[in-house]
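These are the structures in question, set out in turn.
Common to both upcoming complexes is chain A, partnered first by chain B, then by chain C.
Up next, the complex of A and B:
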């Protein structure tokens, strides 16, 4: 069943189009940087963009930072919003359920396929970033040490390890949005509505983060700790916010999936 | 095979199905007849556990639904309100996906079963093209193939001939008759009287959510105890039969008495020529119209 869900996801041309678009943005940025050599000054623009001009390997992380605020969550919301509502819209949901597939099982399979998509997307962005960065930017040898965000030197092995952690963390950060879109996907029979609802949730959260009046709410906003993956590149690693970020996503996922499950197992399938 | 008691479904204030007592027996071809909006699809959805009943009980293949869905549904093939597929994939790939999604679809025999089924419904040449390029009737055929691909004991088909051409309807009818002969019980909903008349052994008629009759087709079409007669010499015949004629319509007369032979002897004895003579049988259409009309007389709502 899970295999079938995965094959459905990755046999859909739209999935691949989304992944290509997701990789296109960092690639364009890399080309621009390589041709102009105009990196943002340190502390401005997306994280790590000033450092990549000297060391292209860092562009893996920079690429994550570029897609993180908008491109990646949109892609995740599209795919997760599609899961149940898309099947309802096309009418295939009723045929899956009478096949029969238990409703809980279907939801779990959908969840796993969304999670696989998120991880595939993040890994692909980081991988593309690495390759593009090596090809176009800072041609330092792979073995050269890299300055951390705190200014000290990190060995290539440390950078590689921390990049992997960052990939994992960014993936986990997307789970709240994914769970929201999945929940909405069980509520409505329109994939678009579910996606837009999840994006509204995301944009609302980002907006409240910029508002001083919302300070008391901010620790609970799903996007609050997204950029904390930068802390992984401090020396020593600063894990407090990363841990909070993971905990917060876990809470969102548990609540929203609980709601999705409660709604879906008792729902009249009228599509 | 299917037995419901007091099956009721309300959508908010709308009562879609009320107090339905269905009884579908093994080896029946059961025709579930009803006008648009009478509750056929809602009933089918409840039988399959897609929609939860407001009250009443459902037993399918001897088990309670929807509680026993995981044991019942692998033995059931169904078409609910038209087929549905993944448009970008081929017909073959669609059948394979559905087959692989649930139990009782052996991977070893999958491709053989699918090919055989595509062949049976006449899609063998087109099975590789994406479904979005299929016509309405081709999709309907593919939907039937999907319902049949695991040789179910019970087929629940909601308007199976929707969108098919006369040739297709004929083929599907032959296919269903053949499956029934081999032991498959078939429950099919339809608003087409002729279809049910040609195919079904038992009939249930649903009108605005209520079952108004459930009986074998033979019983419903039983002779009425009158004789139908057609003659070019209507006036003479009426004079001879004086008083026994119930109604006349052009050359056709309906005459009291269930013995065509006696009537024939009488008329021929008087030199009246007879074109046609036989016991009067009501058509399913008449039965249904009478029953539903009777109901509308008694319903208080406008």
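Up next, the complex of A and C:
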């Protein structure tokens, strides 16, 4: 069942188109930086974008910072919003459930395919960022030390390790969006509605993060700790917000998937 | 019914998950909290004597004291006092420490060593070395001043025993902290109280709350969220500029130096019946009046600085115009820029005293300069 769902997801041209578009933005940014050599001013622009002008290896994490606020969650919401509602919309959900498998198993299979997409997207963005960064930006040798955010020197092995941690963390950060879109996907027969609902959830969270009046709510907002992967590149690493970010995503995932399960296993399938 | 039990299970799980942190926190905070008999004066002494003890941690300072002035060095001060500052600190000794002010995409670090102080800004890729680590007695606030140990000791430095009471201990950042409440006795003060919570075993302040008169919420709070009394390693505080970074030697031309050099006036020995602070005598043109948490500063501004400040205050919301000048109050902070423009020397008066006290001081300054 899981294999079927995975193969269905990755055989769709639109899945690959989404991944290509996701990679296109950081690639365009790298080309612009390489041709103009103009980094953002201090305090402006995505994280690490100034640093990549001297060391292209860091463009792997800069690429994540570029797509994280908007493009990555949109891609995840589109794919996750389609999981159940897309089947209902195209009239295949009823036939899918005729097969001798439980609805819980089907939901788990959908879930694993969405999580696989999330991790594939994050790894691809970081991988493309690394290759593009090495080819176009900051031609320091791979063996050269890289400055941490705190100004100390990190060895290539340390940078590689922290980049892997950042990739994993960004992937985990997207699971909350995926779970929300999946839950909404079980509520409606329209994939677009599920996607837009998940995006509205994120926009609401991002808006509340800018309001001083919402300070007491902010530690519980799903987007609160998204950019905390930057803390992995401080010296010593600051794990406080990273730990909270992982914990918060785990709670959102558990609750939203629980809601998706509670709704889907007893839902009347009409299409 | 079949539908309903699943939702009930989910609701129960949500209730459990959302209440768990506060339940665990409440249980953890109630454990190990016991009051040790100590007088307010003893506790103050213990806090002041903790200045040489090592510690490290992560602190957050939240202020509501954003004055409506920007430009030059005012913007950073306004952000510091009016926003949320995230600070990491490693303190080994008075001349060996590191304070990082972090933000979402970078950080600004200050590292003090025996030979001087490095300031590192990641986003600018810039390291500035200050050969003279001795800070001037009067200067604009910096991030390190908001650390609970620094702010707590500063606020308690001139408190008298009759202004102090102890508070029941509480848990802060995993440590039992004993509280000390300072209620200033000066009738002109705009500070209602200052609560300083210090680690029970070492006396290092771990939380400070400043309450303005007539306000329920603190005007400023700074507290450790992670705290350790273990001595940090020397490598944590050491610094050498990374390869490819720009480096500069500081020329130390801060605003207070400019005022001292170009202010063209000397503050009088007393203002509004208040003497210059005996602990801060050598600040040249700038006068610091009062004691402890009830203080105000009188600074003669050079023409260009005065014009810039006047233009900003004229257009800022909440600023009142009077014959004495332009005045504004933010929380317990009162500011008065004497005026009007083009009529003699301009003085900046700012402090934790009432507007009325600053107006009286402005009138005395006008007489003082006429007599001088």
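One rule holds for everything that comes next: the second predicted complex is superposed on the first by the 269 of 271 C-alpha atoms of A that agree within 3 Å, B and C clash if a C-alpha of one lies under 4 Å from a C-alpha of the other, contacts with A are read in each partner's own complex, and residues count from 1 in each chain.
Please note the rule applied: a residue touches a chain if its C-beta (ideal position, glycine included) is under 8 Å from a C-beta of that chain, and two chains touch if they have at least 3 such contacts.
Predicted, not measured: the structure shown is a model, and the values here were computed from it.
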{"item": "Side-by-side fit of chain B and chain C on chain A, or clash", "value": "fit"}
{"item": "Touching partner for A:236 - first (chain B), second (chain C), both, neither", "value": "second"}
{"item": "Partner chain(s) touched by A:8 [first = chain B, second = chain C, both, neither]", "value": "first"}
{"item": "Which superposed partner A:108 touches (first chain B, second chain C, both, neither)", "value": "neither"}
{"item": "Which superposed partner A:160 touches (first chain B, second chain C, both, neither)", "value": "neither"}
{"item": "A:70 touches, of chain B and chain C: first, second, both or neither?", "value": "neither"}
{"item": "Partner chain(s) touched by A:149 [first = chain B, second = chain C, both, neither]", "value": "second"}
{"item": "Arrangement angle, chain B at one end, chain C at the other, chain A at the vertex (C-alpha, nearest 10°)", "value": "140"}
{"item": "Contacts of A:227 with chain B and chain C, given as first, second, both or neither", "value": "second"}
{"item": "Touching partner for A:92 - first (chain B), second (chain C), both, neither", "value": "first"}
{"item": "Chain A: partner with more touched residues, chain B or chain C", "value": "C"}
{"item": "Touching partner for A:258 - first (chain B), second (chain C), both, neither", "value": "second"}
{"item": "Smallest separation in angstrom, by C-alpha atoms, between chain B and chain C in the superposition", "value": "11"}
{"item": "Interface residues of chain A shared between complexes with chain B and chain C", "value": "266"}
{"item": "Of all residues in chain B, those that touch chain A in their complex", "value": "45, 48-52, 69-70, 73-74, 76, 78, 80-89, 97-98, 100-103, 146"}
{"item": "Chain A residues within the chain B interface of the complex", "value": "1, 3-4, 7-8, 11-13, 90-92, 94-102, 266, 268-270"}
{"item": "Of chain A, residues touching chain C in the complex", "value": "42-43, 45-48, 50-51, 54, 65, 145, 147, 149-153, 227, 230-231, 234, 236, 238, 240, 251, 254-255, 258-259, 261-262, 265-266"}
{"item": "Residue ranges of chain C touching chain A (in the complex, touch as defined)", "value": "2-3, 6-7, 9-10, 13-14, 17, 58, 88, 100, 102-107, 109, 120-125, 127, 225-226, 236, 239, 241-245"}
